[in-house]
Amino acid sequence: MPETVEIGLGREARRGYHLDEVALVPTRRTRGSTVVSTAWQIDAHTFELPLVAAPSDAVVSPSTAVEIERLGGLAVLNGEGLWTRYEDPTDAFAEIGDPDGCSTAQLQQIYSRPVSDELIAQRISELRASGIRVAVRLSPQHTVALSPAVLKAGADILVIQGTIISAEHVASEHAADAALNLKTFIADLDIPVVVGGCTNYQTALHLMRTGAAGVIVGYGAHSGSTTHAALGIEVPMATAIADAAAARRAYLDETGGRYVHLIAYGDMSTGGDIAKALVCGADAVMLGEPLAAAAEAPGAGHYWDATASHPRLPRSALIDLGSEVEDRSSLEEVLIGPTSDASGERNLFGSVARVMAKCGYSSVKEFQKAELIVTSLR
Amino acid sequence: MPETVEIGLGREARRGYHLDEVALVPTRRTRGSTVVSTAWQIDAHTFELPLVAAPSDAVVSPSTAVEIERLGGLAVLNGEGLWTRYEDPTDAFAEIGDPDGCSTAQLQQIYSRPVSDELIAQRISELRASGIRVAVRLSPQHTVALSPAVLKAGADILVIQGTIISAEHVASEHAADAALNLKTFIADLDIPVVVGGCTNYQTALHLMRTGAAGVIVGYGAHSGSTTHAALGIEVPMATAIADAAAARRAYLDETGGRYVHLIAYGDMSTGGDIAKALVCGADAVMLGEPLAAAAEAPGAGHYWDATASHPRLPRSALIDLGSEVEDRSSLEEVLIGPTSDASGERNLFGSVARVMAKCGYSSVKEFQKAELIVTSLR
Amino acid sequence: MPETVEIGLGREARRGYHLDEVALVPTRRTRGSTVVSTAWQIDAHTFELPLVAAPSDAVVSPSTAVEIERLGGLAVLNGEGLWTRYEDPTDAFAEIGDPDGCSTAQLQQIYSRPVSDELIAQRISELRASGIRVAVRLSPQHTVALSPAVLKAGADILVIQGTIISAEHVASEHAADAALNLKTFIADLDIPVVVGGCTNYQTALHLMRTGAAGVIVGYGAHSGSTTHAALGIEVPMATAIADAAAARRAYLDETGGRYVHLIAYGDMSTGGDIAKALVCGADAVMLGEPLAAAAEAPGAGHYWDATASHPRLPRSALIDLGSEVEDRSSLEEVLIGPTSDASGERNLFGSVARVMAKCGYSSVKEFQKAELIVTSLR
Amino acid sequence: MPETVEIGLGREARRGYHLDEVALVPTRRTRGSTVVSTAWQIDAHTFELPLVAAPSDAVVSPSTAVEIERLGGLAVLNGEGLWTRYEDPTDAFAEIGDPDGCSTAQLQQIYSRPVSDELIAQRISELRASGIRVAVRLSPQHTVALSPAVLKAGADILVIQGTIISAEHVASEHAADAALNLKTFIADLDIPVVVGGCTNYQTALHLMRTGAAGVIVGYGAHSGSTTHAALGIEVPMATAIADAAAARRAYLDETGGRYVHLIAYGDMSTGGDIAKALVCGADAVMLGEPLAAAAEAPGAGHYWDATASHPRLPRSALIDLGSEVEDRSSLEEVLIGPTSDASGERNLFGSVARVMAKCGYSSVKEFQKAELIVTSLR
């Protein structure tokens, strides 16, 4: 049974744990790090790194998608981002990256331009032409309208992602807000679908039952997130991932063996954070802000995600990562090293391989059995 | 049973939780936010927003009361504030809002001017003339003396509010401190009475038994409060609200159905905080400081409440909210948006509606069933 | 049973609580603050305030002792401080209060001058001449040598106080370190003795069995204390006081009614802190740093205690309280108000009376029954 | 049973405690500090202080090793540090200590020079010539290759130390990474071996079973460590030491009396920290950063350890201790005082003796029985 406390008379609440409240415990066995594999496979696609680059315009562009694939990860292009709103998004990027700052109001204005089906098709074609596996993200609200273009253009993986989504949406009467029935929608598709984010056992289980190949846990909380302030929702990721892993076990049992991949998203900035997310039960991690600081990142030293440009209630700030161009590391250094940076924010997956070795595990799946210790309380 | 710890041998204490220690957990269902209602009804009065504007001179003036009603909330004028001490409070507001600062000693001096029955009557008449519902606050100490003027002038709602009040006051021998028997006092009135603040189950229950239509939980702790330092009293609001909700259930049962409204007051500055207060069991929230930053607020970028001007033991600082006039948002943006501010402190009730939708609830009363998770410890 | 946690396999530890982790819970009854008494009586001596001024040279001088008595408290002169080391300590005070700073090395040098029996006698005579009750503090190490002078000069109360003392000291072979047997020593005296500090139930109980009239709980932790860093000893005062109160109950029972007074010392800077110490079980509080900021305090805006000048291992810093002379409040304002300072650090005992009233209690002894709530964790 | 919490459904974790979360509880008995002994014996070697100076080039050089022995401690020379990579390391030290800073990249480059067997032999000879007991540290990876030189040169104690080591290493196929079987390796040696670091009961027990005379608990976490960030591993030292002490008891029982010494390493900077490590069960402490600030320390006001120069994934920063040369204390003042520094970071072992006395214990072994209290939560 989960740990509960009584907040007030007759009012119970669970205690949730964040990744920074826990740490890994080595075992009595160690390994050489060269005998360790961090590889991850979803559906027919194998990746050397358990990495999904977040569908943020600050991270994934047609060109960084190619580099991320080369380094071993999967990049997700935002199907409702600048690349599908602007024929040429150069000016939009320049305005956002303006060293004198870009306000949330400007960001709202830049993202108020409508998404174009034609641009969706064009971007997917460009990516396919470069030979990589193409993953595109749509919001649940616009999946019905925009997915035909995505599918027709030949995406390999569809990511349906909102801050918090559910398998059962009670729609309003607005025509534009046509209800998406995830289960029937996914059943009709030939490509794997990843859905999320979710925050708890019940939602994770219901999302698995839609037929999704992967479920995203968390909403990508980053250093500029104000979702907790604005909505009162906060996801203690260690708990959320472990709960979703319990749902994965339950779903494995009820289906006699269908394994749905968990992709953790949020509150991770270092190799240690990633390692802990995997140990809590994630099969892979989705990273946004940690990659936005790389030299090749399109955000020019800034990070923002879809919540930053919400027209009525923005829920994150546009972050100035503060690093000079000349100080930025390459995506290669950030992801697989080597590095001369001692912050834990570079060589992220070299770190993961090293700690797997120090804890005596040789694969991510085995690593999920590692022991955790609570070392501090937030 | 409430969670208790043993502080020392034979000395137990409960563990109380603050709103910022908890977060909301989405369910497996979501809704469109347009099918959500935040409406609140107390006695015969219905409001679109579950909002009571605090009886602080920094927030509620005759003119902002009208605007707050227009936007859907209820404004409470302080019956013992500047508007009832000064025929024309312009100079007093100017001194308090002086950009060079106003000391607590000055504040004490400004508020040392006696309250006038005639001004109470005049302010109420003005408010009635503008067509809004009129709520006036009196302190428990002066309710016996000042309530006749309030009632005669035709207030719609009477708020009897001190930092901490009880249903059973053991008076001193001072003539000026005539004991107020809340139960007999309220029984004689024709208008609904709201009383508070209280901090725990027993007091909440006893206040309900006075016949009050609403009970205020908390004393309006804000960023300048020193009540904890000065008096050792601190109210963990999540616990206090949940306890008062338990008292509401007990009172519902003992009366066979009389529902007393709970109004949470203190430690809330964002939409998320308000949402959590409602989920803990509040029917509405009383807001002071969050509204004081609005462009129309009479405090000119400052916030203070009655504890700041106490003649012998002031228990809060006069707060300079630090925002330039040109940066202030309208009350409309603060309350119902839209906004381009990502802090969570604007579009407060748009936030509440959105999170109700994301958690799958369509009314405040339903929303009180939402699940909570403890995400950090203060 | 006390709350314990398992730190490691086979290693348990109690959880201790600090005063700032708890808060007072009002009851369903309130009182007018004018019907509240804070008076305290130890042996034949009654004081209007439950206050003992700490034997720090920064607080108690012959002149402030008189003022503290006038305001209702008891002042303890340090029998091993500047007044008994120097015929005229003016230069020593000037060096310590030097606006350009005084190093710990200087402090060690200033206090290296030997204590004089004659000066002890002279200071006590002066105090007696002013008509106040005279309390003098000696360290356990020097009580055997110096107490004859104290007793002969006619002190009313003897305070034997070290950082941590015990009723059973295993002495070294040093001649100068003659073992003090508290029990036989106290039995021979005609005046009440206060001993401390102690930190736990067992030590408190054994100190009570020495025949002491009062026991000090805590070692006076203040903002400059490094005892935790240097020695690893830290006293969570809420727990320590509650434990000592349990010892007081046990001792009351085993003696058939002898009541030993508990004086809490450390980690208090506001009226709320004092109130919480009383509720935890203290009969009075010993205050040092909070009084050192007063205009009349001899430290000229500085605070230090005996641990600051230890010749080999100083365990606290000389604190510059940082207030300009013109900003300092009188001892009267600090102790009984009124005040225009909203920090909670002025009108300390007015605060105590007020919160006793708000919680519905009329005497300190009754107030010890008040309810506590844990509101944050350090 | 250890204290566990449920992080998520079906996912438990222990709660670990850091040294700064606990404090010592005095008993009802005190002692004079001159009747206290802090002496420590490992194998045939006795030391007045329970101190092992860490094998950091910033702390132990041929000359400071002599001074540390003179003051009562044991110094460990890093067999893979500057003294065995450079015939004359003067320039390397100068580059690292450059007041204008030395980057991690420079540090990596400086340490990329190979270790020389001849220099190992030469340094050991020099140390032997000075008449002190010689201890040398090797990493587990290079012990097979480098230990013959160490042993032949006549070291008295061999320290095999990596961040996290185990008794059972699963090697990679790399020729250079020849597997070290600790058990057979140690069995063949005539001198005592100390191994570590370890973090938990199982690893500690298995390391004891290798025949080691001492086991190091912890990896030397210091103010610049980023091991938690980079690897997700963090060692709550109070728990780790207490667990290893439980392993020591188990091993004592299974061997019928073989006592393996525990040496705590990390998260200690003051006398209080050291005292708490001993009370948790350590027989001695290994100190790096606290000694690096001494006037004689070779790091010229800087601290770094082997993790700082890792070629692919550095896991700590080069720390500028920030003290001017003229402000540095001698090793003697740091270790045994006296001092005029009130920070708790000087007279470290005078502090330990003093607190042993205040808690009534006369030897380190007895002191391990002292009571602990949890006084704050990280």
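For clarity, chains are labelled A, B, C and D in written order, and residue numbers in each chain start from 1.
As a working rule, a contact is a pair of C-beta atoms (placed from the backbone, for glycine too) under 8 Å apart; a residue touches a chain by one contact, two chains touch by 3 or more.
Keep in mind that this is a model prediction, so the values were computed, not measured.
Enquirer: Common contacts of subunit A and subunit D?
Expert: Shared contacts of subunit A and subunit D: no chain.
Enquirer: Same or different: at the subunit B/subunit C interface, is the fraction of residue numbers used by both copies above or below half?
Expert: Counting shared over all numbers used gives less than one half: different.
Enquirer: Report the chain whose CA-based centre is farthest from the CA-based centre of subunit C.
Expert: Between subunit C and every other chain, the largest centroid distance is to A.
Enquirer: Rotating subunit A so that its CA atoms sit on those of subunit C: what angle is that, to a multiple of 5 degrees?
Expert: When the C-alpha atoms are superposed, subunit A turns by 180 degrees onto subunit C.
Enquirer: Just the number, please: Cα centre separation of subunit B and subunit D in whole Å.
Expert: Here the centre of subunit D sits 57 Å away from the centre of subunit B.
Enquirer: Return the distance between the CA-based centres of subunit C and subunit D, expressed in whole Å.
Expert: 40
Enquirer: If I count partner chains per residue in subunit C, which residues reach a count of at least 2?
Expert: In subunit C, the residues touching two or more other chains are 15, 239, 377.
Enquirer: Mind listing each pair of touching chains for me?
Expert: The list of touching pairs comes to A-B, A-D, B-C, C-D.
Enquirer: If you look only at subunit B, which of its residues touch subunit C in the complex?
Expert: Listed in rising order, the residues are 5-11, 13-16, 18, 103-105, 108, 163-174, 177, 198-200, 202-203, 205-206, 224, 226, 228-236, 239, 308, 311-317, 377-378.
Enquirer: What does subunit B use to touch subunit A in their complex?
Expert: 1-3, 15, 17, 22-35, 201, 238-243, 245-246, 249, 270-276, 279-281, 337-345, 347, 350-351, 354-355, 358, 360, 371-377
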